[in-house]
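Presented below are the structures under discussion, each in the form of structure tokens.
Shared between the two complexes below is chain A, which has chain B as its partner in the first and chain C in the second.
This part shows the complex of A and B:
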């Protein structure tokens, strides 16, 4: 086997430019696969961390009448949970309302949250610090769509639990920036106690956000959605992206492996005398097959080395500065940072190396099998078989 | 002491009289503005930021709980029909050939982009059933003497906590109405003009509804033709009539 690799190594170096073209094509596929997967993994990791920090926490405990996908359920989807069951939970009450920025009417969701909460990154302490009569907190996108800034007063109209209209001027005391659209677009955040007071919904909550220390026990009229369940949309999206990315890998790998396959077919055709000589010198036909297969495999090893030479600096640089696609994922309702930072795991790098080497070996072996059927005398004479 | 008691009873009597007067005025307004049945052809002029558009419709109403309307113009809205039975509202759209029932938050949406919500149109209780009233003054509007009535909700589920109505002292027709939030914020204002005597009753034929929190000129509602107490076939107030 050692001899096979030594021969293969010498043959490949002897082939010169042809070897480096094959290795170059394969290394490109290798680097792109690692980069794309790293980018998706980086996005996934970032989205999960942002989602947990801003929206999901350690899971949600929802009132059974509330369906987050049905806006009509907001009206009646709230209830009271016994105080002793609220440990490590942050209550959130949702109501529908309208704001009137610059004489326009905009429907919004009014969300009440405990200003002292620490579970989510929402800067709710600003609600406590404010001296305004009616302080509210909004996200950057809400601020842009309503054209309001910190300190602005804005007219808010809502209904109490009986359906009676009420209206007041609220003050925007803070504008937060987040990659999580579920807490930003079309939403106003305020103190839950204030919201309960103005809507006559004392002690009512639409859903609770669990903190890390929360352990769930079955509670009538409430159902718990785990962190993994809340992440499912994002996870599915990432999986879809990975599947669509695999089409790219297949195209790139096919190009690289086709080059190796062609080279192998050509080698076996043109190097028949060499094959005959190997056999005449005492090698079995399968030993010669191994030499040619090792040559093909070695392309992939060269590709890995070549890819590492230019890939490591480029991928490292991209992981440090990140990549901006110039699109705002939150407009599409997905958690996507403006700049994504790829993450290259060891599993990803070694997995890709194994796939590339194995594929190259298989692709090299297929044409090399022909050698096993060759007549050594004819081969030695260089006759086409 | 006698004087104090006399003054106390006088004040109580005056307050009762005022409340009674206001209630009587409201009842007369209710009687004047409502009829057993009515058939109305009207234009709804919706003023936008840059332009306005007019929607013509014909409406059939029986009491406060049944109404049916069909849009006649413009071409885009032609054939759209709305049926209200008690607290339910259905809308038929000819473009999709579908009938949908509006409920919950959808009822708070504006009708054809106007300053009126479906819920405003759905209100079917008499003012006297929902509000305590009090005469708080008299004012002149367009040369007509009016009583100014302050209405305060006596039921918990009134959309507006309080209202102010200016009622013509001779014709018992409201000439202006203001609707307030619980906080006292003015939310909507209605101006009623061009009061005409139709079938023996005074009736305003031009109304302007204005959402006071929004910019703009509001929505005009112009009565082109109206008939009171005409017999309306029962099938009009059925879901089958929506697709006819």
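This part shows the complex of A and C:
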């Protein structure tokens, strides 16, 4: 095998431009595959970290009547949890309400949270620092859709537990920026104690966000959803993107491998005399097959080297500056930063190298098998059809 | 008694042509002894190259037998044929068949690589072979930079470097001018005399015939005449 690679190496270098054209095409596929996978991995990592920091924490402990996918369950989906069971948990109470910015009516969710919490990245300390009578926090997207800014007063209307309407003017004391749409769009954050007070829902909580130190024990009327469970949809979506991305890989790889296959077919036809000479000099036909197969493998190795030469600086640069798609995931209801930073893991790089080298070897072997059936006399004459 | 290096008995070679067959060689009975400088001569299509290919185990007879160095060609597997060619037979072709991407040194070294000889042994043998043909200073040149005569001398060095018992030369002077043809033939004759290597030519070139000790005339695939002659000497 060593001899096959030695000969293949010399043959490919001797072939000059043809070798580098093939290696170039394959290296492009190689770099794009790594880039796209890196981008998806970067998105996945960013979405996971942002989701945990802003929304999921270490899991949610939900009131059994509350279903996050059913807005009607908000009304009754709350309950009281014994204080001794609330260790390492941040309570959140959700109520339906309306705001009236600039004369318009907008339905929102009022979310009450402990202003002193440290589990989520929400800047709830602003609620404590504010001197306003009724401070609220909103996200950037909420601010844009309601056309409000920090310091603005807005009329808020809600119903208490008895269904009685009440209203007050709230002051926006902070606008936070996040990639996580679940804590932003259509939501007003306020002190949970204040919310409990105005809705007459003392000690009531819709769900709790668990911190890292939380250890779950079964609690009647509450059920725990783990971090992995909460991020399942995001994970599924990213996996779907990976699958759709594989069509791109197949197209790119096919182009690269087709170039190698084509070269090999042509090579075997054009180099018949050389093949005959190899056999006349004492190589077995399968040894010659190995030389031609090794040439195909070496195209992919050259492609890896060539790809590394121009790919490493480009991919490194993109991983530092990130890539903006001019939008975030709000409209799609997914966690997606405006600027994504690809992550290139060793597994991704080496996995791609193995796939490229193996595929190139296979597509080289297929036409090279013909040599095993070649008549050396005909080959020496260059008469094999 | 001299050692018989090739024994051919009742050899027939047929090729399929359309739905029929073409008989290229018919009832060939020949033997060659070690150290011969012989030639199979005859016009184009007489079966010279076919016979040479069978002796070189690149092809096999349809009937009869061809035994080279005690090995019956038709009984050999592909691997055994390759082994026979690699260890015992050198080929010289009409169009040299040098490997274009290799240097002169690498072309000559090729057969030794297959024999898995050490780098030191290979270098020594290659340089010695290049000295035989007077090309030691062109070791780093690519075949494309060589003249026809030089190319054929490289081919001779490649055939001789492994010190084979038998060298098969198929029309080795066909692409050379008279001066180069004589130079090549003198080189081969010298190697034959010094190393006792058996040379078997396929040719219809009068210049080549003048150097041969034995001429086997083939006509329409049959041996028409087998004659021993007084050949030109290098001395």
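The rule is simple: the second predicted complex is superposed on the first by the 384 of 385 C-alpha atoms of A that agree within 3 Å, B and C clash if a C-alpha of one lies under 4 Å from a C-alpha of the other, contacts with A are read in each partner's own complex, and residues count from 1 in each chain.
In this section, a residue touches a chain if its C-beta (ideal position, glycine included) is under 8 Å from a C-beta of that chain, and two chains touch if they have at least 3 such contacts.
Remember, predicted model here, so these are calculated numbers, not experimental data.
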**OP:** Using the touch definition from the top, say if A:165 reaches chain B (first), chain C (second), both or neither.
**Re:** first
Original post:
With the two structures laid over each other on chain A, which partner does A:244 touch: chain B (first), chain C (second), both, or neither?
Top reply: neither
**OP:** Using the touch definition from the top, say if A:285 reaches chain B (first), chain C (second), both or neither.
**Re:** second
**OP:** Mind working out whether A:219 is in touch with chain B, chain C, both or neither, as first, second, both or neither?
**Re:** neither
Subject >> First (chain B), second (chain C), both or neither touched by A:116 >> reply: neither
Original post:
Both chain B and chain C contact which residues of chain A?
Top reply: none
Original post:
Within the complex, which stretch of chain A touches chain B?
Top reply: 71-72, 74-75, 96, 98, 100, 102-105, 155, 157, 159-160, 162-168
Subject >> Complex interface listing, chain C residues touching chain A >> reply: 53, 56, 58-59, 78-79, 82-83, 85-87, 91, 93, 95, 97, 99-102, 106, 110-111, 113-115, 158
Subject >> Interfacial residue positions of chain B with respect to chain A in the complex >> reply: 103-106, 108, 153, 156-161, 179, 181-183, 185, 187, 211, 213-216
Subject >> Residues of chain A touching chain C in the complex >> reply: 3, 6, 10-11, 13-15, 273-274, 276-277, 279-287, 375-377, 380
